[in-house]
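The following blocks contain the structures, represented as structure tokens.
Same chain, two partners: subunit A is paired with subunit B first, then with subunit C.
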Partner chain A sequence: MQKKRDHLGFLSSLFAIFVGLLVGMVILLVSNPAQAFQGFFTILTGPVTHGLKGVGQVFYYATPIIMTGLSVGFAFKTGLFNIGAAGQFIIGAFAAIVVGIHGKALGSAQWIVALLAATIAGFLWGAIPGIFKACFNVNEVIACIMTNYIGMYLVNYLVSTNASLYDKIRNYSKDVAKTANIPGMGLDKLFEGSSINGGFLIALIAVAIIYVVLQKTTFGYELKAAGFNKDASKYAGMNEKRNIIVSMAIAGALSGLGGAMLYLAGSGKHIVIQDVLAAEGMNGISVALLGLSHPIGVLFAGLFIAYITAGGFYLQLLDFPTEIIDIITAVIIYFSAFSLFVRVFLLNLQKKRELTQKANEKTKEGGTAE
Partner chain B sequence: MDYIIEMLHITKEFPGIKANDDITLQIAKGEIHALLGENGAGKSTLMSVLFGLYQPDGGCIKVRGKDVKINNPLDANSLGIGMVHQHFKLVHNFTVLQNIVLGKEDTRNGILEMKKARKKVVELSEKYHLSVDPDAQIQDITVGMQQRVEILKMLYRDNDILIFDEPTAVLTPQEIEELMAIMKELVAEGKSIIFITHKLNEIKAVADRCSVLRRGKYIGTVAVTDTDKEALSEMMVGHKVQLTVEKEPAKPSDVVLEVTNLTLRDKKQGHSKDVLKHITFQVRKGEIVCIAGIDGNGQTELVETVTGMAKPDDGTILLNGEDITKKPIRYRSTHGMSHIPEDRHKHGLVLDYSLEDNLVLQEYFDPRFQNRGFIKKDAVHAYARELIDRFDIRSGQGTDTIVRSMSGGNQQKAIIARELTKAHDLLVAVQPTRGLDVGAIEFIHKQIVKERDEGAAVLLISLELEEVMNLSDRILVIYEGEIVGDLDPKETTVQELGLYMAGSGKGGK
Partner chain C sequence: MNTLYMVIQQAMFFTIPLLLVALGGMFSERSGIINIALEGIMIMGAFTGILFIHLTTGKLSGQLQLILAIVISVSTGIVFSLLHAFASINLKADQTISGTALNMFAPAFAIFVARRITGTQQIQFTNTFRIASVPVLGDIPVIGNMFFQNTYITTYLGFIILIVSIVVLFYTRFGLRLRSCGEHPQAADSVGINVYHMQYAGVIISGALAGLGGLVFVVPTSTNFNASVAGYGFLALAVLIFGQWHPVKIFGASVFFGLMKTIAATYSAIPVLSTSGIPSYVYKMVPYLATLAVLMFTSKNSQAPKAEGIPYDKGAR
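Right, the complex of A and B next:
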């Protein structure tokens, strides 16, 4: 039964993706009928028609959103809605570039220290809404939204007022040291010409760790119990306050690490001083929904969304304005995140089919008996 | 006989369980027909089939002699079948009248026409003595009143076949009597009633005939006047049932639980009254001490403070001589306290966890079940199997069953298995048999007596007088947060106990 349900979850995600693509197609048709089918084809196949570079690029885009998706999904599993991934992401990124710019003395260990700093920063930042929820019963959604904006403005302020971090002319953070960039770990050779690096492997490890924590450990057992039934977890003597804080902090650590992975990718990304929340944080919510909060699901959902995003870039080769491209990819992602809804729909469908099938069998049996 | 409803050879299967297996139910016009069976016997499934919520896998349904196919509740409604569900289906911030017409509103040009509806509702409520205020909001009226609204809903739709699914479970004794009177009146007016219950007294009081189901199978139909309670319960459970508990006299020894001067203040604003007032009592090894009282006199709060869910304002709690007043729940649980909670869905179980995960809810951190933070799946699995066998917990998919899908009685058995198997000296059992059928009650009572005989101290909190009198070795009566009586069940009568519970025994003390 357990297997059957997992199977259904996978199906529902696929179906949701299909619906998303369909709606994307409609928008293509409306915006540029002449090139719609060509455009649709480009979105679907763009990344793979450009050889291994294209594939590497997909992995590169996927890395940070897998991390934020994991962050949101992990919190979901414990019954918390971590809408604060954007803030945790940028705080982690900030910690990473501080180490990346000032930590040249660390030599070849610099990137590791930078990633650790980002993880710790995200951990602490994520713990804040957790503490508010556990101690003062403040809804984590509200606290998370606050920490998103506080995080963004705080980082903007810290970067722009700090001459050692700030590139005034370009209005973004200075380049990090070469040794601060995450090494390619062979992936850069494999997917030559793309921006992929070892960060993707680290994301895979994070997926594996979260999976094991949730499925195999007493800690995961407690967190999930609290997520399903807070009162029962209290009755069983679990420390619910600690669990809420730790759960949010871990979610924050994942997002923070994701932030470091984006800005230490060696692809020329800088923290730009602008009043915009990190898109990766919000995408994390779609990734978690599409992946049904399951770590493995999140991995594939992240890859899918990265794939569609990468495909969108190739649309520029045709006559599509960039805004329309953004809308199309957003629509596909948006509809894809409806997988939960689709799952319920499929469950009902399956039930009905089983019923009629059984009824038919019964009448057949009855017929032969007579 | 003229049957208004015939359900012939109904079969309905769910994954792993045959909920209805060749069941035949025939309802005569103008009778109250009781449907009796244990939890999980298939009563609700059968009624859901009749009401169109499930499609049967086999068999047919005849209404007024005609073959019918009921695809959904709307079909059922148009055949004149109405149902009062165990959990009412009412919109809480709508008025009584709005709830009654909901789904069958009269409109003129898209605008609601309530006048006619109001007239009909008022007429109906007068005719059947179902007095309700049509303009009161559902959230403001009592549960008994809400049930009347559900009945009026059926009558408003001109239903003449009425299904009552365990209607008395939520009612006070007075409300039950009123309901019985209403039911009799309804059949006198020519309606037919299917009355689902597992309370034998109620069947004897109102039903004409009674059909019995056991484990999804049809056992038989009897005329109620010719059958006594013992025979009915035997049909239901499948073997002779002892309606009273057999037990040896208690041999109390060492004190296990010692509560002294326990006081809890009401934290809500504007209340200065103490919820618990200087409560002092002891529970010894080998005895069952029962806290009796009318609901809401501080029992819940007493249990919460003893088990650590709430902090007392004053007083001490000793467990095996050790002061645990300030210790957390986990500490109490690992130092000899087992707790069967009042609300099994809210506290006792994680409904979306599997049965095996629930069976280790209090012990998953024990070295037997984990190694350096990793759960030993095999050990959990083996342990769960053992408990399922020993306590006869029935479920569709064994250890992997999601607890939400199990019947109430088996859910309770799972909690009892967990709490009794865990090492403990004290068992705090709060209404351990609430909502359960005779067979399950007998099983649980036996387990509790066995606990006592094996040397555990048992603190039982119950609202059922019969249970209190039957099971306990000592009765403490709680009234408005105070212990007002310490009685010996052998030397006291139900009447005397009732007086204490109502607060009038106090003067005589």
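Right, the complex of A and C next:
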């Protein structure tokens, strides 16, 4: 039964993607009929036509959103909606940058320390809405929205008032030390010319760890149980308050690590001082929904979103704004929001088919008996 | 004294959109539907309204143009919010996710269309709507300076909507029914109220007010629209909670938040604050920190509608 349901979930995700692409196609057609099909084709095949560099670029785009997707998905599995990934992401990035700029003495271990610092910072920042939820019964969505903005303004404040971190002329954070960048781990050689680095491998490891924790450990089972039914898990003797806080903190740690991966990628990314939330946080929600919150699903969903994002990048060669990709993603989310409905619809369809099959068999049997 | 007048006039520009959008959110949540899409609806409302002003510049100007833009923004907000209503009421989708989708859609759509039409992401507009001084009222000493000079008709519209909201929510049959749907929809249904209709009404009102709020936010504070309302939709959610889902308290909360935003935006022009050394980021953070604090202290007897966020299922027991 479980297998069957997963299968239907996968179908409803495909359905959402299909509708999203369809709407994208229609918008392209309306806005510029002459180039619409070429544009659509570019979205679908853009990265592949640029060889290994294009593929490497997809992995590079995918790395941070796999992490935020994993973060949101993990929280979903434990019954929490972590809309605070954007705040955790930037707090993690900030911690990474501080180590990246000030930790030159660490030498070749600098990037590892920077990643750890980001993970811890994200862990603590993510715990805040968890504590609010567990101790004060505050809805985590609202608490997360608040911590998103507080985190963003806090990082802007800390960066822009620290002369050692702030490049005043360009209005962004200073360059990190070379040793703070995540090494290529061979991937940069394999996908030459792209910005891919070892961060992608770390993201894969994170996917594997979250998978094992959720599916194979008592700890993960307890967290999930608290998500299914808080009262029942309490009745079964689990510490449901601790579980909520730990779930949010782990989710925060994943997002924070994602933030470090983006800003330590060595691709020239800096924390820009502007009053805008990190887009990777919101994209994490898309990735988690599309991947049905399952770690493996999140991995593929992240790659998919990164793929069409890279495709959208090549769309600039034609006369199209790249925002079409965001529109497609939004439509995909909208339709995956009522995946429940699609699932029930598919289930009914299946039941009907089974029933008619049975009815047919019966009439056949009836026929032979006569 | 002039500084005080300036601060109060500026504070109105920040307060009124917060008030409108938070009131919109109130109607939706009171009917039982969480509307996290306020930010997206604001963007869509501001987008069509400003686009209208941009396209009709030269042909129209002044208050007539603004009123037509208001009508367009409100209609856009209603249409856009219907997507949320359909997903969360008819299809019983997760309301937070549906709202998130709309929030992602709006800025992307606004930028896409703006670039197709005007070639750039930003839409410029000429502001011909400012009222330097309201006749007669603007000449009143002190009060005239504070509330009737350097103002917009939208400010007064905001106050009218506040009063109408109070009356509708607490003194009409519709308001009572709407509230009952947010508290206990099964009970409401059992006495013959159509819960789905009420929830549609709640979401539509929130769409109308959020669409209007988007336009009202952009017109006095900018001369171009860049597919963003600077997180005001989310701030309005904070106002809604800070105001505990009650229109009068929402007004108080929006004045407080509006004042904080004003100080953050203009503090360098205020002598007392610019020498105090407190960075503007502190004022930017205060509304969110204050909301967290309020959440912490009121969670035991929160006034949040009991049934909000739960899709209404007729057959549920």
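One rule holds for everything that comes next: the second predicted complex is superposed on the first by the 347 of 370 C-alpha atoms of A that agree within 3 Å, B and C clash if a C-alpha of one lies under 4 Å from a C-alpha of the other, contacts with A are read in each partner's own complex, and residues count from 1 in each chain.
The rule is simple: a contact is a pair of C-beta atoms (placed from the backbone, for glycine too) under 8 Å apart; a residue touches a chain by one contact, two chains touch by 3 or more.
All of these numbers come straight from a predicted model, not from anything done at the bench.
Engineer: Return first, second, both or neither, reflecting whether A:154 touches subunit B, subunit C, both chains, or no partner chain.
Structural biologist: After superposition on chain A, A:154 lies in contact with subunit C alone.
Engineer: Looking only at contacts as defined up top, I'd like to know whether subunit B or subunit C touches more of subunit A.
Structural biologist: Looking at subunit B versus subunit C, the one contacting more residues of subunit A is C.
Engineer: Just subunit B (first), just subunit C (second), both, or neither: which does A:313 touch?
Structural biologist: neither
Engineer: Could you look at A:237 and tell me whether it touches subunit B, subunit C, both or neither (first, second, both, neither)?
Structural biologist: first
Engineer: Of the partners subunit B and subunit C, which touch A:217 in the superposed model: first, second, both, neither?
Structural biologist: first
Engineer: Given the touch rule stated above, what does A:331 touch, subunit B (first), subunit C (second), both, or neither?
Structural biologist: second
Engineer: Of the partners subunit B and subunit C, which touch A:145 in the superposed model: first, second, both, neither?
Structural biologist: Only subunit C; A:145 stays clear of subunit B.
Engineer: What is the contact status of A:94 with respect to subunit B (first) and subunit C (second): first, second, both, or neither?
Structural biologist: Touch status of A:94: no partner.
Engineer: Under the definition above, what is the set of subunit C residues touching subunit A in their complex?
Structural biologist: Those residues of subunit C that touch subunit A are 36, 83, 87, 91-94, 96-98, 100-105, 107-109, 111-113, 115-116, 121, 228, 230-231, 234-235, 237-238, 241, 279, 281-282, 284-285, 288-289, 291-292, 295-296, 299-300.
Engineer: Considering the complex alone, what residue numbers of subunit A touch subunit B?
Structural biologist: 1-2, 216-219, 221-222, 224-225, 228-229, 231-239, 355-356, 358-359, 362, 366
Engineer: Would you tell me which residues of subunit B are touching subunit A in their complex?
Structural biologist: So the residues of subunit B touching subunit A come out as 11, 13, 15, 55-58, 308-309, 328-334, 339, 341, 346-353, 357, 361-362, 364-365, 370, 373-375, 377, 397, 400.
Engineer: Okay, in this complex, where on subunit A does subunit C touch?
Structural biologist: Residues of subunit A touching subunit C: 27, 31-32, 81, 83, 132, 136-138, 141-143, 145-150, 153-154, 156-157, 161, 275-277, 282, 285-286, 289, 321, 323-327, 329-331, 333-334, 336-338, 340-341.
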